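Which chain is which? They are A, B, C and D, in the order written, and residues in each are numbered from 1.
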């Protein structure tokens, strides 16, 4: 299974700001799209996890902005799993233009919790799927 | 109790778009702030209603945009209850600048539901509070 | 050329709210996606209009919410041109689930302006394209 | 002049997500509010900078999420200037509840540019104001 999964987004007008470019907070929303897409590409659906009472919360998010994105521009989000533990995982992202210009890169770290936001663990089969993607040490 | 309640907002940068003005979708968010503020001014807290399993959903929203709003501008949202039934109510809004220029006006209609989105009724005391604000016919 | 154009969106997590469904303000953002898509289907790109100093502002927006939309649901936005004048046009929208359930319907009215938000007119060729889509009276 | 400035926000319903808590992307919007407030407390208005052709872009943003925030909760954003150069500055943030619980902390780094997104410098008087707040080395 691929360690990096690509997702396409087209910039919405509502995502731009008065500087004429995408507001920086939207990259966190795109990272989230990238994660959902990565999970689907590996046969996992976050919507089902939540229905089963398993929440994934964002423990840390980081973004470095390299170049602005414009309205209606088509972008590719490259999402890569970089860490997986039973109750914790992390992804890295690169947002690039169709001309392969790097616009933004970042990382997010996640904790698995139950509905009351208490620490929990990924189901064994999910954890194994994530682990299988990462290089053996 | 007042039928109209005023709420102040200052335009956030994230609320602007590439036209250099506030994106029109944000007025629905401000109307919602106005409603929450109206309810608080009448001793009601929507957060408590939800904790008690009573949801209010938006059945219809409408906005007419008169003039653009700019970053960092301070605006006043005037929220007025215009209809109240046991399972249904409606508000009207005016968003005005500090120079009393009308920027936007609109209305929202709401339905009361339980957690499964089935039709429900307002608690009697809440309904009476809303009803008391409206002119008798 | 088709009078109605369909656009697909998948609900983002950031578009949901504490009721567990899509926040109603996001439908205005989806209507905007639908419009951009309608224009592209007719060989028109709003991004180019703005680059040429022609702005389209929202004069009125209206939405009637029929059923809630959920995270990760795939939706179809059906966008239809319903009116076209030289400095004014209007669209109607229907948001439907993959099971053809109607979730939301609405309309938006638009004014054409220059960069200083003064009334302007659509270029003749654009106006003719829009007009050609509408039924002759 | 104070190196840390406090800003109050009340959580909006539109800022919550299907987990029943604030969506993590909104903290970047609140950090931005905190910055605007910090600048105003020091007699500086970002809206005027942009009118003068001076843009501030976000080069990096980082947030560590400690505890969830809920609808209607009142929060305090503590914003602190941590670095100032002629074309570059950085802020740190803490978001705390009224019970003084730390919900989120983060940092943003900023570059000063002209309207075409080319590197620029802060006006001398602005730079001196920022510099005066930081401890001498």
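FYI, contacts are C-beta pairs under 8 Å (C-beta built on N, C-alpha and C of every residue); 3 or more make two chains touch, one makes a residue touch a chain.
Since the structure is predicted, the reported quantities are computational estimates derived from the model, not experimental observations.
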Could you see whether B-C or B-D has the larger number of C-beta contact pairs?
B-C
Which one, A-B, A-C or B-C, has the same contacts as A-D for more than half of its contact pairs?
B-C
Which chain's mean C-alpha position is the greatest distance from chain C's?
D
Report, in whole Å, the distance between the mean C-alpha point of chain B and the mean C-alpha point of chain D.
28
For chain C and chain D, what's the span in angstrom between their mean Cα positions?
34
Chain B and chain C, separation of their C-alpha mean positions in angstrom:
24
Where in chain A do residues touch two or more other chains at once?
13-14, 18, 21, 25, 29, 32, 50, 71
Name the graph shape formed by the protein chains and their touching pairs; answer line, ring, star, complete or other.
complete
Touching chain A in the complex, chain C uses residues 12-14, 29, 32-33, 36, 45-47, 50, 70-72
Residue ranges of chain A touching chain B (in the complex, touch as defined)
13-14, 16-18, 20-21, 23, 25, 71
Taking the touch rule as given, give the residues of chain A at its contact with chain D in the complex, in rising order.
18-19, 21, 24-26, 28-29, 32, 50, 55, 57-65, 68, 117
